[in-house]
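Each remark here refers to the structure printed beneath this line.
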Amino acid sequence: MLIIMGLNSPRQDIDRVKQKIISLNCMPHEIPGSSKLAIGITGPTHLFKEEDFQIMHSVQEVVRVTKKFKLVSRQMKSEDTIIDFGGHSIGGKELCIIAGPCSVENREQTFEIAGQLKEMGINFFRAGAYKPRSSPYTFQGLKEKGLEILSDVKSKLGLKIVTEVMNSQSLPGVCEVADIIQIGARNMQNYSLIEEIGAAQKPVLLKRGMSATVEDLLLSAEYIAAQNNYNIILCERGIRTFETATRNTLDLNAVPVIKQWSHLPVIVDPSHGVGIWDKVSPMALAAIACGADGLMIEVHHDPENALSDGAQSLTPKKFKELLNKINELAPIVNKELKFYETTNSL
Amino acid sequence: MLIIMGLNSPRQDIDRVKQKIISLNCMPHEIPGSSKLAIGITGPTHLFKEEDFQIMHSVQEVVRVTKKFKLVSRQMKSEDTIIDFGGHSIGGKELCIIAGPCSVENREQTFEIAGQLKEMGINFFRAGAYKPRSSPYTFQGLKEKGLEILSDVKSKLGLKIVTEVMNSQSLPGVCEVADIIQIGARNMQNYSLIEEIGAAQKPVLLKRGMSATVEDLLLSAEYIAAQNNYNIILCERGIRTFETATRNTLDLNAVPVIKQWSHLPVIVDPSHGVGIWDKVSPMALAAIACGADGLMIEVHHDPENALSDGAQSLTPKKFKELLNKINELAPIVNKELKFYETTNSL
Amino acid sequence: MLIIMGLNSPRQDIDRVKQKIISLNCMPHEIPGSSKLAIGITGPTHLFKEEDFQIMHSVQEVVRVTKKFKLVSRQMKSEDTIIDFGGHSIGGKELCIIAGPCSVENREQTFEIAGQLKEMGINFFRAGAYKPRSSPYTFQGLKEKGLEILSDVKSKLGLKIVTEVMNSQSLPGVCEVADIIQIGARNMQNYSLIEEIGAAQKPVLLKRGMSATVEDLLLSAEYIAAQNNYNIILCERGIRTFETATRNTLDLNAVPVIKQWSHLPVIVDPSHGVGIWDKVSPMALAAIACGADGLMIEVHHDPENALSDGAQSLTPKKFKELLNKINELAPIVNKELKFYETTNSL
Amino acid sequence: MLIIMGLNSPRQDIDRVKQKIISLNCMPHEIPGSSKLAIGITGPTHLFKEEDFQIMHSVQEVVRVTKKFKLVSRQMKSEDTIIDFGGHSIGGKELCIIAGPCSVENREQTFEIAGQLKEMGINFFRAGAYKPRSSPYTFQGLKEKGLEILSDVKSKLGLKIVTEVMNSQSLPGVCEVADIIQIGARNMQNYSLIEEIGAAQKPVLLKRGMSATVEDLLLSAEYIAAQNNYNIILCERGIRTFETATRNTLDLNAVPVIKQWSHLPVIVDPSHGVGIWDKVSPMALAAIACGADGLMIEVHHDPENALSDGAQSLTPKKFKELLNKINELAPIVNKELKFYETTNSL
């Protein structure tokens, strides 16, 4: 349920509404908006009488939220959520491009790739220090050593860091380095971890699980929002189907569905979504064309010798060609590749 | 296996190669190409010795085809197949847009929609006279009466007709009216029907089955090509997965995979692929962005009262807005909406 | 909708009810029952007033059928449908075991296997004369020649024949030989063919399509029942999922679901369901344990040299061991292997 | 890779083999067997020369393991793993039946159900104190309070406790109470948690993830075995497919596949596998019939008022009827319901 109040409602009116909610054993959540103040209510709201709130001071409207997810639903907040990163943002007109290797393999490899991406104007650098792998006998990431390298990339190149966390033990270390904390597909329903990450109050990139419906994904996002952390970026990365020609089946249908059901930004990871490097660029363009707020793409300067995901990584050269195409495509869907003009037009 | 010969090889050299193939209990297939003459071989080729052909006159090369599908594979023919429709073509630079209602409901409805599409410059009109429906108690199409109406649309408006055939009994009637014969998703593995349609030597639109892999789709196309009919248009229209938010899961990954594996044109049907009208346009743009050769889209002037598929049909107005977007997008992927400029720019 | 009348209602009362139904543009279907006479109604029944029928002579009850499928639903007929084959039946207490090779390969192979099965007491022999194959270059069956061999098996060994039909052209020939006409998984939604087969008034074995839900399967069965042919045997044979360890995913959940939703018998084909011979017997036992009315199993005396499906075929010896187990299991689920005692206990 | 040595090989021969393995940067794992001593090797074994080991004292054979999973593979250990629980065991001839409510709801409910199960002879009691739920607004379990109740059930009724752990914070508490630690389907690829649980050296019940292949499941088990913990029970509980008639699609094919690929015991959870109470018993019988080592079943004395999973819970009465059937079925597949005779035959 949702209480809509005027944006400049007196604090005492707001507090009275929130106290009433608490007195009914529910939780109030102030939800940021540009023209209205909304107070989301979670908990056993089925017993609420809407009239009890409608008569309160400054209350304009009382709305029932029909979806199972509440705080992240479009009903709760009709405007798009835009997450600000000081000069760059995710979820608005600006397309967000997150790029980098699957894993931090060593200092040279990481700086080599980060340096080339920086030159292209990329602001968000992805690379895994902790790698969830289906076999215990494959490369599991450099762990703390990897975080150190990412920390240096951040301080020396000024790139924002997107990196995955696998457990609570390493969460404090990841929080120190990461600008955006990634939750991998395999942990999308690891609710304990998601809650902890949500409580860390850092922006979160939540990847869709391999067999998660869009509703499941939004319910997992709801766990984060319930910690009063609305800085959530959803990521479509392919689901499991019977098709074996590609690593996963990229479900781009999910993009317009999510944009309708939720106010949160949604990006697409075509690298995992198709899993074959020469099909990554077409799928990246398709993602932008159907309304994604950005992309997450694996880039490696030497894919054949990559310790993980080499088969789906673009070389910096191919990635640059893709950026050129995205830059042409963006205005057709009312987006822009903000960094591009200044950096690449010369 | 594939024998590559010079384009101007003497007929007697070609015939000698074909006779040798037949003498080994296999079938030769001359495959059209612009710079080389290729002779595809199907049958028990595992016993062939490549040397036996390499020494023959005019033979330039002998190539093993490693895929299960042969004649439709990119290995057999490296150039894109372009199907000519007198002034318009499918598979080349020109984007093909097939539009119309799900079903022929009556004369007025059909002419109303066809007329509006004609005005927009659309050349290919789709509408079903025979409708395969999962329940025997829902509208099954106007059948022969529907074909008559389509025949009138063809003669009066000059539109090319794309319509589905469900069985051999109605094939002659459909062949008379249709410029492109559609094989529906439910009949993609109805090999008897596919072979008959292939033998009819008309262009065929083959829709992917709900649980067909890309390989399955190309093997079904192979049945048609084996009738020496190469005028095959493949159509991705969504597969069945666990996701229930949309009618099907549109597998756009299939587009670049098919373009790599086969020389045949591939189009996308976002109407069935997502199944919800307000998500059709984003998915149509995505299809073009990832390299599709065209689209098949359901358009109805009164979706709420459509006898079938109303929920996924665009109004002519929405469809026109989509065409505008496609026209902007096309050049970015080296395509063009050929009919558009003359008709719509005024 | 369903009109329940007394079993001995006067013919004129029954006819009056049927005439009223027809006058309302619907179709009446007399449905056999042991204690009541039911008249199923299909067509636009949403406008019917139940009172109009309740007041008619001999009418006891008027029931709305809530499922999309009507005639095949348990609501229409609460008793199990038992199909009689003169001495043997399918759908009752007796377990039905259909066995034989995937294909008729030649006279010797067919009689070799049929002879061994006959000795074990098997009554229903399966073997394909027409084979739908995903590739046009693999063995497509002996066709008419295969039917001739099956006809001889029938006359010489007295086995009942179960064989697949792929198109209407070959339907008359198949009807002459077959005691049960099989509709393969790939043709489960080939509604034209299904209707024709239904109209042939022979017992039909309808296999579930690879991506068909149980509801889809029952809707396809409804096409047959709508031809007033209720001799339909449903067959679960595995669906397509992401799992690649087995050929298909045998969905045994479907067995109790179908038994609840429909009065039709359901059997299971574990050969296609798992696709690996040494896992066929455990899955066959599982099928009986969860309530299936029988099994359809591929048996070949020389699996390594079978022209199709050798990998999933049991040898006669292994099949005999399975029969022993089934015979032990049957009474636990209130079934019996009727032929077994006399033939095999010595 | 695997080194097979005589069971009574001198300790110094064994140690020499292990030292050689370590010197090559790999890990040796002594694997318990009744007739041979096997030393599994994990790590970069591709450079090993088999001859180097074949010439060592007491070494009988060197075997390459071809599957991605090693320690849990049947190649590593041909005998079935039997886990002993003092009087009862899992993985041998004895069928293991784990029963209880989805969640610990309160003391009364838990003791009510546990008491009734105890009377039937059940030894393993399941009930969740920590509940992973897709929505943050549904019942999340009693947590520590739930563990206390389970601890009392254990001490007062002498039942062995099977309960889920969701994170490392609660692992020590769960370890104190649980005889078998359950890893839920949603955490099957939470490798950090799995490793920690493996290291706790308690028996583990590992449920298959909703989109996990059998290979994925065995690779997750490998993470546990790599901690030298071989007391792992695998659990099939249904996968996600397009079918919506049931909660999940129970993949019983997985049972014979796992029995062939791995030496670990496998049980089946038909409650989640089908999700509808009146179909749980048939699917339970099917699971035993195809070779499962046991069952995990939800039982609740008041399903309509259960706080979770009521729709799929059996009443104690229905569960008792199922036990009767299982007792009849067990000998047919060479199993026994050991507890049953003494307790239930009177």
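Order of writing sets the chain letters: A, B, C and D. Residues in each chain are counted from 1.
Simple rule for what comes next: contacts are C-beta pairs under 8 Å (C-beta built on N, C-alpha and C of every residue); 3 or more make two chains touch, one makes a residue touch a chain.
Since we're looking at a predicted model, the values are computed, not measured.
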{"item": "Shared interface partners, meaning chains that touch subunit A and subunit D", "value": "B, C"}
{"item": "Pair exhibiting more inter-chain C-beta contacts, A-B or B-D", "value": "A-B"}
{"item": "For subunit B paired with subunit D, centre-to-centre distance based on mean C-alpha positions, whole Å", "value": "50"}
{"item": "Chain centre separation (subunit A, subunit B; CA means) in Å", "value": "37"}
{"item": "Per-residue overlap in subunit A, given as positions that touch at least 2 other chains", "value": "211, 239-242, 244"}
{"item": "Contact set on subunit A toward subunit D in their complex", "value": "42-43, 68-70, 132-137, 166-169, 186-187, 189-193, 209-211, 216, 219-220, 222-223, 226, 239-240"}
{"item": "Residue ranges of subunit A touching subunit C (in the complex, touch as defined)", "value": "240-242, 244"}
{"item": "In the complex with subunit D, residue positions of subunit C that touch it", "value": "211, 213-215, 239, 241-246, 249-257, 260, 273-274, 278-279, 282-283, 285-291, 325, 328-329, 332-333"}
